[in-house]
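Note that chain A is present in both complexes that follow, paired respectively with chain B and with chain C.
Coming up: the complex of A and B.
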């Protein structure tokens, strides 16, 4: 039944990328922080968790927590320069930051095994299941994570904290003049986003069981961006929908590769051409994405509009 | 001593190429405040154009430079009229991602058509030759590239500082609306900035093709360096781009000598330091 396993794989990857897209959306769609180094969180989460487990011999749960914590710490570090940088300058800084993380993973061989990557990463609760039923269990695990993160992020964004973040996105000066500490708020947002993406990284590492710097190239960040541009920013469902659409497209075109007389390299290139085109077309004709953000109006009285 | 001189010299040579890549980026940003993420892809297309023209028409790579410049110029203009013009009406976020989508599109279109394998130019008056001074040898192709870079910087600076066209460009960059009232066709000025930006990136690619591997993904490396260069020199500053290019080249060569693998990390580190300590860059305003 290879089709079933393919489907399970597809859904698992959609789940992992949903987490990454929700994290990115939390930064971009809610706080207005344009992060081009999202893959760094993913990378740190994956490496931290798998190294803690394989090298330090920590229990799996500690690996996951460590991955989230370190990724959150990176969010803290990368948000420090936001105090003095304009949005586009900071965006470029994060792009460089993401590359630095990957270069470190590639070159600090004593810790990360360099280009060979970390092998035979153990899987959680592996002994409870047979070889055939384990992927299904992992899918449920990831689905549970997506659901929990969805509710946690929804709670956050509907709270006063979330309203503050949206205020920063829409009008930072106004937010400052109302006495909000926007720097601290951005910092908190980046830490939360980092932890979510770090969780995705840990889940990915323990699912694939082998990671190398090849998995964390800048192209991954671009895919996550394509997800939230297509799905829509400023709401969590949009991020998930974007992850579904882009991953379905990405994986299904790999699947039909056998029926088209093109090499796998050419197909991969064509796939990215179409995703690039999709981004441009969405920006030109549907800049809000598939699911629009529902803007709330608080305490609106008629006389105020007139 | 000889070693220090060699590192310095090759740093300056490489740096002047980086400066040339950064020139177009800083020009486009200076005139219309748009960060062109596809700039590295312009460079890559310049490299491929030089490769294709000189391989299939068996023309000397140096002679292909004007053609490459035209390709880059047209690419810039077409990008402006087909994409940027429409994105400018949207929110700032759309401007940032429009060029980013274009980057993916161009990079993988080239990979789709020409395949991912690296190409190398084999024939040309510059290729593989070097001059020996008493203590070290220069790669002629790098020397020529540095020469062209300085020439182009002088040319573009002269155009912007001294000619009427340049004055119109500067007026557009300072206040597009007011420039429009003075009868300047700001739309054309924006397109011109993209054209010049594309042409300089194309020429940089044509020069690089003489001594660097040509792959569809080469743009990523150079755009990262160019961003660091532009930020270091100050967004929109042409003089800053040149000096910052030399600094970046020197950092890379010195770091590359001692820690060959992570020399790029040092460039980013320098960028971070500048960005945090002096966000305007060395020559920004």
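Coming up: the complex of A and C.
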């Protein structure tokens, strides 16, 4: 049943984008760090892992770990000069950072193969499975990663660390006045988010088996943004749901095309319009997204005051 | 909001179901998948390419179709981005169950698709992408267009022979296409004893190329060799002219493909381009251009329209001769029919080498005079 393979592929891509959206959500939704260069983490994870494996001959598991580590490291590095910036300047700095990473991948041909891209990236445990069963295995691998990351991030955001991050998001000055080292906290948040997105990058590279700088243009970042706008910020489940909705919308026009009296070219052009419309509608009518953040409200009991 | 999600999910499931239901039936058409950058950075050319492909389908069907059945294209958009390109290919292979793919534009988008098609045993006949990396993909990947190496070598030969100069400066776009041409051009120029004083790589879609142009002329080159797409060709030619750098009597310019580099510039600022020389694919069969004009009321703006036409015609012809749509059979037959097929692109002559790539290309030398391309 080839249709099943398409569904498996779709779910796999949704899984990868879920990780990216969760990572972005961790920065934007929980810490209030407006990252317009999210694709940089994705790019570094993908390139680091595939180059470690194809060029340095490292085992695959080391590639994945290396991808996560380097991406986390990039989160750390980009935070050093920018950590004291306010949200809007942070956005510009990260946007530039994302482009710098892509241009490095494009121009440092000795390392990254430049515009030709890295080909024939090996797949983990490929020899264990047949051509037909491997996609299913990979889907399970991705699903497992999504689940683990979901729980790890939930643990983090429910811990005192997570509450500090939300405090930064809601009122950084207040957080500072309580004696919290907000710079350090932001830095830690970026490292965590970087590692998650780096994992997504590695999973993507070893799934598609070919990467080139064209995969990591700024538009990817904005798709991830669309996901958390639709899904809801400050909420891990929202990020996953956002990834599901945006990915489904993206492919849905390929299927409705045959049943409405519009040419495939018009339908293709409509796709981006639909996503744009979706974002506008959500911002207007459901600014909190599909799933709202559950904020804990601490009620003061009257008698304590009296 | 839940209703919205319901609608999305239902529409997709419905789409899948109806597609599955469509298989079977008496006059069921033979379907091949066409990947085309309908949206995204290369969208301007997609209308031409789609038209070329549609013309090929109509002509095939008017002549009896394939295997006694009509030929049908299933067109999917790649958005000129790798991820949606992969969505498109997986949908065509998985849901529409096509066994033959064609089209394509950007090598970066088509390479992962070619690798996937190879894994699935689906034949991918490339109409436009030209990266030399396609050679290594495997037997399921074939191309009806010449890989970059031919053009790079030919333009180097032309430039050295025509100008007699020794010091060259090169300018190419920084993508797989430009860089592959550049590499071959450099090697050939060195073989011919010329010196390369500057290599400039430029990013696409910028509005200003003054810095690149200054770098290009920084070390007093005696001649320029370059490649552009329509938009970048227009901006660089205009700015070079304004900066007084475009003076072909002093420093001649050689362009590896005049039409794709200056399609827009020739239309808007022809006087600036005066005297620029370069290569061009042999006229895309007059017949094709005339039919195209009849249909669209204008000439094709890109040579790629004829590429799409040729790819579809050749596939249809191969299916008929193989008497099967089996990818392996069609592939083998393509090797046999390449001698007989008179195409519309690149002078029409097609010849596959052992890797399924084109090993033969003819170019014509042109010069821009009085705002028009004329044979040189």
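In this text, the second predicted complex is superposed on the first by the 279 of 306 C-alpha atoms of A that agree within 3 Å, B and C clash if a C-alpha of one lies under 4 Å from a C-alpha of the other, contacts with A are read in each partner's own complex, and residues count from 1 in each chain.
Throughout what follows, a contact is a pair of C-beta atoms (placed from the backbone, for glycine too) under 8 Å apart; a residue touches a chain by one contact, two chains touch by 3 or more.
Keep in mind it's a predicted model, so treat the numbers as computed, not measured.
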A:76 touches, of chain B and chain C: first, second, both or neither? neither
Which of chain B and chain C A:284 touches, first, second, both or neither: first
Contacts of A:252 with chain B and chain C, given as first, second, both or neither: second
Touched partner set for A:116, first chain B, second chain C, both or neither: second
First, second, both or neither for A:131, with chain B first and chain C second: second
First, second, both or neither for A:88, with chain B first and chain C second: first
Touching partner for A:6 - first (chain B), second (chain C), both, neither: second
Partner chain in contact with A:225 - chain B first, chain C second, else both or neither: first
Touching partner for A:140 - first (chain B), second (chain C), both, neither: neither
Footprint overlap on chain A, comparing chain B with chain C: 106-107, 265, 269, 271-272
Residues of chain B defined as touching chain A within the complex: 35, 83, 86-87, 90-94, 96-98, 100-109, 111-112, 115-116, 216, 220, 224, 227-228, 231, 235, 261-262, 264-265, 268-269, 271-272, 275-276, 279
Complex interface listing, chain C residues touching chain A: 1, 5, 8-9, 11-12, 14-16, 18-20, 38-39, 46-47, 50, 75-77, 79, 81-84, 86-88, 90-91, 93-95, 97, 106, 108-109, 111-112, 115, 119, 131, 133, 136, 174-176, 178-180, 201
Residues of chain A touching chain C in the complex: 2-3, 5-7, 9, 13, 106-107, 109, 114-117, 119-120, 131, 208-210, 212-215, 217, 219-220, 245, 248-252, 254-256, 258-259, 264-265, 267-269, 271-272, 286, 290
For the chain A and chain B complex, residues of the former touching the latter: 28, 34, 80-81, 84-89, 91-93, 95-97, 99-100, 103-104, 106-107, 218, 222, 225, 229, 265-266, 269-273, 275-280, 283-284, 287
